[in-house]
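Two complexes are shown next, each including chain A; its partner changes from chain B in the first to chain C in the second.
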Partner chain A sequence: MQFKNFNRLAFLGVFSLLLFSGCGNQGSKEGANGALNSSAAEKVYVAPGEKDDYYAFLSGGYSGNLTVYGLPSGRMFKEIPVFSQFPTSGYGYSEETKPLLNTSHGFIPWDDLHHPDISQTNGELDGRWVFVNGNNTPRIARVSLATFETEEIIEIPNSAGNHSSSFITENTEYVVAGTRFSVPVPQRDMPINEYKGNFKGALTFIGVEPEHGHMEIKFQVIMPGFNYDLSHPGRGKSHGWFFFSTYNTEEASSLLEVNASQNDKDFIAAINWKKIEEYIANGGGKMVPAEYAHNVYDESTHMATSTMIDEVLTVDPTEIPGAVYLLPTPKSPHGCDVDPSGQYIIGSGKLSADITVHSFDKMIAAIENEKFDGDAYGIPILNFEEVLAGTVKSGGLGPLHTEFDSDGNAYTTFFISSEVVKWKLGSWEVVDRKPTFYSVGHLMIPGGNSRKPFGNYLVAMNKITKDRYLPTGPEMEHSAQIYDISGEKMELIYDFPTHGEPHYAAGCPAELLAPKSRKIYRLDENKHPYAAIGPEGAKVERNGKEVHVYMSTIRSHFTPDNIEGIKVGDKVYFHITNLEQDFDVPHGFSMIGQNTSEILVMPGQTKTTVWEPKKPGVWPFYCTDFCSALHQEMQGYVRVSPAGSKVELKWSVGE
Partner chain B sequence: MKKISHIILLLFGLLLMACGGKEEKKKEGFEYATPQTEKKEVLKEQATQSDEVPASQRITLDEKGVGPIENITLDPAIDQAMVDRGAALFKTNCTACHKVERRFIGPSPKGIMKRRSPEWIMNMILDPQLMVEQDRCAKDLLVEFNGAAMANQNITEEQARDILEYFRTLE
Partner chain C sequence: MKKASLLMMLGALLLLGLFQFPLWNIMLGAPQYPEPLGINIFINGLEGQSEFDLQNIDGLNHYIGMKTLPKPEDMWEFSVFPLVIGGMALLGFLLGVFGLLGKIGARWFLGWLILMTVLGVLGMYDFNAWMIDYGTNLDPNAIMKLQNPDGTPMSYKPPLLGHKQLLNFDAYSYPRLGGYLMGFGMVLTFFAYLVGRKKEYQN
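Then we have the complex of A and B:
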């Protein structure tokens, strides 16, 4: 026994020695390369009660939502529902918000949200709205940056796979939506193998009304049947142009993995939208039948309406001389980014090792001197060498997206080699490269696609997470990394999980939004037709089998909280008005057996939820948001009598 | 009038029962006697102003409370335009918890001018959270009214003054 014990002790001693030495080595390694050294920790640490420097709006991809984070802390502040129903607030379930998700295909409770872009004035972020695209059933949404709520959604006709969207021109004249999949325009029943030459790609220019941001489709450019992948506006000297990357110029309809990778070069399409505006002003373009929904939320009635529109103005680019040119770009370009000066158009051939940079000045000269290499369906193809500014020989593989800082540097993500590469505009030399974890897609620098980037932080959004966090079964949230880019070399300072699948993101300084963030909705501005402004407004009305309950809430009771005379077969609309006028005091409402979600009602707001009682009884409802010390007391009862019962309709509180 | 409506309700009830609507009157709840009721009787007899007088009945006219309002002078004549505005504001923002004719979630404003100073009233409207933290009477009112904290309704000073003018008419 004693011998055994001694053995054990000796073993423990040796083991702990190994352990200590192991720890020491590991520690120094981490200090040299890792994100865990103390200076990195200081850079991302936002002390309790203190605020972040930047807002970051990350797309939620297939969640259909937009998530709001702080930089540099990586803390998530809010998930904004846009294209998906969201029981947390009742978005898409409440009667007021259901119209926002209406389309020509009916009510659609979901979409794939890809590319947020913040509104701009003179090429700089102005913080009024953020625009996002629904990729699957083509739509563009506008989110208010005062309320952080979705205010408007417009469907895009003649489009499919709304991917080269929702990018805005430098005075927010337009938000632009390009189709990824070309389709028959107008849609019709035809053989798939007759794609070539018959399918079309619609590039849609949506006007943005400057005061309220209301969107209206101004025109669609009906382009050849390529895949329009990503886009960015010209800025500064190139303002008035818009650039779209294309792939599948082979016009394949099957096994694109192989068949759309045949051509050595595809194109970046340069669209002179100012020229198209002139053409339309002179009576050009063709109004064609279409069917698309335009859904607008009114902040004073707290209610959205959906309108179907039955025509759209289309333009044929071959009929507008000087409006559209094609810039040959190697290897199925994905990202299409324009530097802050507007001089360089960067095309990232996703199957390439190099990054292709076109020069705007050279493009204009090539057009003037007619340096064309033929045409595609009547659209001039410019000579590659004549427009090329330079090539970044990166040594990486699979370049995707580029953002910029304010010092003449560009930062490009490489999906295949999992890294961010920093390079210099003009000299094309690579300055730095840092690994990402893993397989990075988009990246975002606040203001990094505007004339005024804020070059402190870079966020890399990855497609693969693997071992970055504690495992959570087969499905994991995607990882993102924050790099400090204030110095010559990038430094990885933080790693955080994101929600859904972030594609693009947009960021801006906190001071642009924080001071004007809405705290409450004013009761005296509430124009909801079913609002109960003050408890005197509370009532219950029957109209056949429809019952409207005008109910108000304040800490911590409902008025009325006892209702009788409801019958099986009724459709009961609870219109809840929150009478609070204090910041961050929402009340919730949920009814047992409701075939929809609860609603969360903000101070001064009115929201409606429907209940169709199926069984006689006395059924309770309650507040879902812990509102005060007496929150558990915030409840009520509805008496449901059999259909045909003569129980009188009555309501009360405190009686 | 109230009695008549009660009678009508009762008749309706009887009518409904006759028609098949069930009104169950088996149980009227239960009673659990606590010394509390007795204590209240004793308190009422004490005429002196002390901590044991319920806050709602205490006279604290010398206390101005804590908040933005330090001193105001009331014109002897009541300004009817202000009263009208104040009454409308009160109806929208306050009646969910304060009823003129009875004690509800919070106390009735009736006769408040005899119990509280104008400054105290306005401070309570303008910053109830600060008042509950720092003013003795506001603190005690919170306890007396079951911990139902008064909501900050984001009323401006001008609006609070209008509400105060309305309160002057509630004798």
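Then we have the complex of A and C:
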């Protein structure tokens, strides 16, 4: 009997303990950081050998590259060179990849990469490609999500500051590129102060061929001379529309920080691209002269080619009834984001405290009922009240960008008040707010810009780092924070430095990409014209002053590794083929005195680097990637004789 | 005899699985190879567990001076083994047919099994001899010449059956489906003999 009572007491004791610890947990979620640390650590801890749940592609901003991270660990997996030369792999230095950086202005070794967007099918991420924009010299690039390499870059004519890019429609019909600067179209010599009414803003719709992803400019909408800041596609019911935020509707050309901030409202431009397609199908639009580069990398030849294109189809929106409308939106909106249902278009007036939400249904009704408040250069302006769905009274300052979870919540970054605010679609009530460190620009929820968001994690990408990490002098990497958003309240769980300046990011579940990530390039599919398929394919050919070395590599030697008969004044092309067919066994190649970078050659790949020897002598080369236990032995010599010498061209290995 | 003969026929036919499935398999795992490299041994040649495994094993073996893995034309076994297996399957099947027709007794089944066992043992002996040669007959100019603690040259012979540590590699050697089918087939022929003999005694 006593024993029984004791049991009962013990049971009660345990029960109350549970009760208290339950309360404690709930309390600590609201409370100070300290109590959270252990559970936050568990949430981001990916044990050695374990894998992350999500891929995150963060733009590298002024690095010109795209970085690949894992979530929730925040570990960086790869830096993918896109618009910038990358000596690590020889991207933009190797003969094969130089054409990728060709433009109508010639070879450009750098750009400012802003907004990654993953391809979609039926509004859901499909993981085929990620598109990114080059902001400075307007370009759009396509990166393969099987090889994680840049496969194609297309230049955008009539554009300048390619910022409201590179967002895709829900079946990847188009990748869209809008101009930030308006400019004379076509470019011409004219006084800057005649901007107003004369400069134009081109919104470019680039078709994406579904099988290979090849891009082609289908048309450019020549809009009034505003600045087009960001854009997003309609989805679901609003599929067929594209929305662009604008600022500088004042059309100022100088001291924009003041002069472009005068109008109480700027616009979100709604473009009905299906209507424009119809118009073009019926012979509409005007083909105008242009000059832009289209660069395509061929995986079988391991080589890019650059083609110049000399015309582009333009459309005047005022000639297409019902194609373009302007939605007044307060205070120079930056973000222009569409919720997963396609019903709400969120304009973040960056000088405002509030977030403006437009309703797609109300917009359609306003168009039908012609609720216009005049026009801008012939484009109807819809009445603000008629299209407004609601306003989020956030209490923050400087909203920039919004993404969504799958439960009807929106998450908006506030640059000035440095925080992320969670609010409810429809009721516009603020549910939670958490500080960021510091001055957050954009945020990313995997799939948060699609019909199907994965609402586990939110990454906030900050513009200011200050004291977050050990100091590294005046220049520091930017900081990012990861929040767990699976509960009602957001929880800061991790803080990590990013590379370059991430302006935007895209994420997707790991299982969408990991199984199809390429391990090697097949040697039997290598169609490079200078490939040495097998050591027997190795040779050296002279063609005047050009010398082509067909060189193969396998652990751990080059074939050939001794070359004689090279002369000062020659231009020597080393075409290196990696014969390995084993995962993660690259070989590198570098030549002393070479005025370019090394090259890193993946298994089955061929890459070319040029050397122009200037001095007679015997000059060594070596493998730069620690490929095996005998990597250090992977080296060779080239004998360089004076110009005009009679030394015979010969090559060998193992003699 | 009907049941015994059918068992005999089935057991003999199971040998034909060797034309479709590997007889044996050797897997080689190492810290650098979390996905191990593997060799599937068929009666008519070798295949990689993954497409490029043979090439990659040869690539690694060149450090220690091993010969490259044999192509079918490099070893007489790969042309003779299919004939032996095909012949034995046919012979066993025919014995079953004769048994069914009442032309022969169950001891013929046992005779087949003894012959098959002798051939199997010879095959294993040959396989082991090849592995000894492969693992010890090394290029004198090999990059790495490793010795046992007693000063003798290190052997890289993979195990005939089971696990063995070869430098940084863990080698595992076990039969595969073709081998298991053959073994099961041979057991069936032994049952055929037992069932047949019991029937003969009863009669």
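What to note about this one:
In this section, the second predicted complex is superposed on the first by the 621 of 655 C-alpha atoms of A that agree within 3 Å, B and C clash if a C-alpha of one lies under 4 Å from a C-alpha of the other, contacts with A are read in each partner's own complex, and residues count from 1 in each chain.
The criterion applied here is as follows: a contact is a pair of C-beta atoms (placed from the backbone, for glycine too) under 8 Å apart; a residue touches a chain by one contact, two chains touch by 3 or more.
Fair warning: this is a prediction, and the values are worked out from it, not measured in the lab.
By the touch criterion defined above, A:Q581 lies against chain B and chain C together after alignment on the C-alpha atoms of chain A. When the shared chain is aligned, chain B comes close enough to touch A:T559, but chain C does not. Look at A:P509: by the touch rule set out above, it reaches neither chain B nor chain C.
Applying the stated contact rule after C-alpha superposition, one finds that A:G284 touches neither chain B nor chain C.
In the superposition on chain A, contact of A:D524 is made with chain B only, not with chain C. Set against each other, chain B and chain C touch different numbers of residues in chain A, with B touching more.
Once the two complexes are overlaid on the shared chain, A:V647 sits against chain B while remaining clear of chain C. By the document's definition of touching, both partners, chain B and chain C, reach A:A629.
520, 554-555, 580-582, 629-630 are the residues of chain A that lie in the contact sets of both chain B and chain C, per the superposition on chain A. Across the complex, chain A meets chain C through its residues 520, 554-555, 580-583, 629-630.
The part of chain C that touches chain A in the complex is made up of residues 35, 51-52, 55-56, 59, 63, 143.
Of all residues in chain B, only 12, 16, 19-21, 91-93, 95-97, 104-105, 146-149, 151-155 touch chain A in the complex they form. Considering their complex, residues 520, 523-524, 533-536, 552, 554-557, 559, 579-582, 585, 628-630, 641, 645-648, 654 of chain A touch chain B.
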